[in-house]
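The structure appears below as structure tokens.
Letters A, B and C mark the chains as written, and numbering starts fresh at 1 in each.
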Amino acid sequence: MNPVLFILGFPGAAAVLLALLPDYRLAARLNVAASLLTLLASAVPFIHRPETTPFLLIDDFNIYLVALTAFVAFTTSLFSARYVLHEVEIGRLLPRYLRFYHAMYQAFVLTMLAALTANNLGVLWVAIEGATLTTVLMVGLYRTHAALEAAWKYFILCGVGIALALFGTILMYLAAEPVMGEGLRAMTWSELLPRVAAFNPALLNLAFVFLLVGYGTKVGLAPLHAWLPDAHAEGPTPISAVLSGLLLNVALYSVLRFKMLLAANPQAVAPGPLMVTMGLTSLLLASFMLYRRRDIKRLFAYSSIEHMGIITFAFGMGGALANFAGLLHMTMHSLTKSAIFYAVGYISQIKGTQRIAEISGLTASQPVLGWALVLGVVAIAGLPPFGVFMSEFLVLTTSFARAPVLAVLVLAGLLIGFGALVLRLQGLAFGEGTGGEKVSNAALLPAFVHLALVLAAGIYLPAPLVSWFQTVAKLLG
Amino acid sequence: MSSVPFELLQLILVVVLAPLLTGIVRKVKARLLGRRGPALVQPYRDLLRLLRKEAVLAPSASWLFRAIPYMMFTAIWLAAAIVPTYTTGLMTSRIADLIALVALLGSARFALALAGMDVGTSFGGIGSSREMMIASLAEPAMLTVTFTVALLVHSTSLPQISEFMLTQAVGIRVSLLLGLISLTMVALAENARIPIDNPATHLELTMVHEAMVLEYSGRHLALIEAASMVKLLLYLSLIAAIFLPWGMGTEQTLGWAALGLGLGSYAVKLGTGAVLLGVFETSIAKMRVFRVAEFLGGAFLLGILAAIFLYVSQGL
Amino acid sequence: MPVFATLTYDTAHLLDAGMLVVSFALLYQRRLFGVLKTYAVQALLLSAAAAWQAHAQAAPQLYITAAVALIFKAIIIPLALHRIIVQLNIHRAIETALGIGPTLMVGVALVALSIWLVLPVTAASGALTRESLASALSVVLLGLLIMITRRNAVSQVVGFMSLENGLILAAVGVKGMPLVVELSIAFEVMIAFIIFGIFFFHIRERFDTLDVHDIDRFRGERP
């Protein structure tokens, strides 16, 4: 029995069940249970690698991404369970919305895992489209004016993005068809890779441009990032956590799959420079924008744009070391950003506001929460000994070696972003406490687990993980 | 048979048939509106009546005012004479160029616009300025259609175009369809038909063509009315010659049978065109004047699209 | 050139060009109901094009795509949007960011752009595929233009659906593309969910003045 079917089956079944379940407390627990089962299922391919079918594929690249996704989905479900229950208590959410929310959550996890394990380009597209759909509906959950506008913007921008990605997919099929004949085979990624050198390079180029722009919108690359801050700020915090932590990764994964195809055709234009440009633009734009943010979730949303910019830049540079750095950064960012959003979620719940100006002295009034935030921001800002420092350092060293001018720009962006985050952190975490109830330590456990992992990765990366990243880095070209 | 008699026949035919065409259009419109409508020969009676009446001139009218009806009628009659109607083997076939046609029509329009301004009334000025605005948009649209057709046929000579469409296997070409739609839109604009202008309106503020000729009376008005009727016939013949040339005689087929077939098919095309025009005018409302620019912009656009499609399919 | 005389090519070409002309007609409209009717015509043409391709490529699954386009896009969605507009009393004149004339000009430029992009790279494919793809990309870009130049949420949605029509045209035009039916249905599902999810339930619940125009209030960045 193909273990991937379980990885996809658990969230799918859970989504259906949760749609039918009226009791929201039970639903929250079921959500956690389903995520745990999915996490356990995602560990199975490590033991016994399933075979590649025309629709499903597990290879070195996505095996750890699947595990990472399942893990963060699980910890977020833990956070979500407490968070939404409290939201119902304070009256910000109605219980009947929660039924929808939990069902959509599992559906979203299903679509992300389907995108990660898809071997067929069409299925990949449908999965990403499904992920867009579920998150759009969840962003609008609070049904306030701002939430509806954020959902609408998200829908319009990402809808156009995936439409363009579909066109790119059609062009890719058109390029494959003369060599591989009609039918499903010409859309199967594992079949395409060995034969892509025979495809028409001009057509491949055009296809990749559409795919980069299309899926790149979902990654949040500038100038297509406009949906990201609003979606993060107006949606429920667990959704912000999975958007930043997981969806951006999955979208970038799709882009990378196509990059791998293009890299195998020597006459096709190198996709690197395009990705480098977009990555650098995102990094610089987001770093500057960090200074003007007045809303805490928007602040960290721009931080996500910044980091996806760094990752795209790294993959654009290419080569074993840069790819390794990119993969490491994907993982670290995913864990750190979701931890930060867990903390931010509780903060905004306790303080009743998301405006930075109205939040201060967290380490005084809620020490555990405050210090969690401090650690998270320190981690994401790229300070050692956290793992983010390691990956940023690797990115810088490779780019200094190959393109010093770009490296200077990257460094400038990183420093600007660092400054903004530290500035805001001062105001948020230190100074006079403004009161408010305390959060139990257990509630913050997921955040601390993430941060511990990031810290551990920064100090010592276990050898199997290193060799893994290296294998994939080679695959990426 | 040489081509001179054909030419004479055409000259007479266009003048004689034009009022009948207008009569058919008015009858169709009236019937669709639930009225019995005027008799089909009523335009003839109107023209004869006007010819018998005295031409009253304003004191401020110049010699231009008196001369222009003749100039206009001559230009349009000549234009109508060169468009192939029932045969392409006319005496004027060597000068029958689409661009020359556009120039002739342009001169006629220019003359009439001058006349509108000549007497110095404000309504005349309104009519002239609106007419010129419409013309400045309609003429480029017509030229894009000319360009498209010329791209296909490699010539702007009307008889050659008709013969090309008759003899070559052209197939259902999208560019020709778009060109037809564009030319129809231009024809509606040039002939002052709904939706551009209402030929039956009494309200001066909504007039375009009528406002220019408000000051004319008697034989001058008769000539101008006749010129408009011939212009309508001209445009219908033009559309038929370019896009629907079947049944036309050519220089090779000049016998009696071809003549009969040509005349018959021409009559059918004219009649159908008149009926369709009547139906169309009854179905939609007149546009506001500032929307005319968009309408003609659309015609121009369709012409460009037609050229693009043709260029693309020739390049493949 | 013999290929132009064949009925298959001519009809497919006619339907593709028809869709393109209807896209321009969409740009031209000034009233919301006009936009809906024009969109319905475009969906009809798409359905005809899909059915024709199903016949020409001997791919019977495309008949399903044609049926979905006909029932869902040409009939149900325009009717539903019509009801929404009437019930929610939405402002019915179209306000455009650019005048209609300049918009049409930009549209022509986009058509030229898509032809310039598609034709050179598809030299290896058949003439019909190339023209189909060029027309489809033009429809997509025109749909994008509609979305960009309209302020009204309903017309933005129609622009998006017009973009989707272009994509489905591309998908059916490419010979032998698998999963076309699945892809098109997935897209329909997304649109249906989001349009009716966001519009119908949320807006009706939320706003007293039911003017969707309000949604555009925060157009720029908010700190």
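In this section, a contact is a pair of C-beta atoms (placed from the backbone, for glycine too) under 8 Å apart; a residue touches a chain by one contact, two chains touch by 3 or more.
Remember, predicted model here, so these are calculated numbers, not experimental data.
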| said: Once the contact rule is applied, which chains count as partners of both subunit B and subunit C? | reply: none
| What pair of chains is linked by the most C-beta contacts? | A-C
| field | Identity of the chain that, by mean CA position, is farthest from subunit A | value | B
| Chain closest to the middle, measuring from C-alpha centroids that were averaged per chain | C
| So what's the Cα centroid distance for subunit B and subunit C, whole Å? | 36
| Euclidean distance of C-alpha centroids - subunit A vs subunit B, Å | 65
| Whole-Å gap separating subunit A and subunit C, where each centre is the average of the chain's CA atoms | 31
| remark: subunit C touches at least 2 other chains through residues none
| said: Quick check on the complex: what are the subunit C residues that touch subunit B? | reply: 4-5, 10-11, 13-14, 17, 20-21, 24, 28, 100-101, 104-105, 107-108, 111-112, 115, 119, 127, 130-131, 134
| field | Interface residues, subunit A side, partner subunit C - complex | value | 120, 122-123, 125-126, 129-130, 132-133, 136-137, 140, 143-146, 148-149, 151-152, 155-156, 159-160, 163-164, 166-167, 170, 173-174, 177-178, 182-184, 186-187, 200, 202-203, 205-206, 226, 229-230, 292-295, 298
| query | Considering the complex alone, what residue numbers of subunit B touch subunit C? | reply | 169, 171-174, 177-178, 293-294, 297-298, 301-302, 304-305, 308-309, 312-313, 315-316
| field | Partner subunit A, residues of subunit C touching it in the complex | value | 117-118, 120-125, 129, 133, 136-137, 140, 144, 147, 153, 156, 160, 163-164, 167, 170-171, 174-179, 182-183, 186-187, 189-190, 193-194, 197-198, 202-203, 205-206, 214-215, 217-218, 221-223
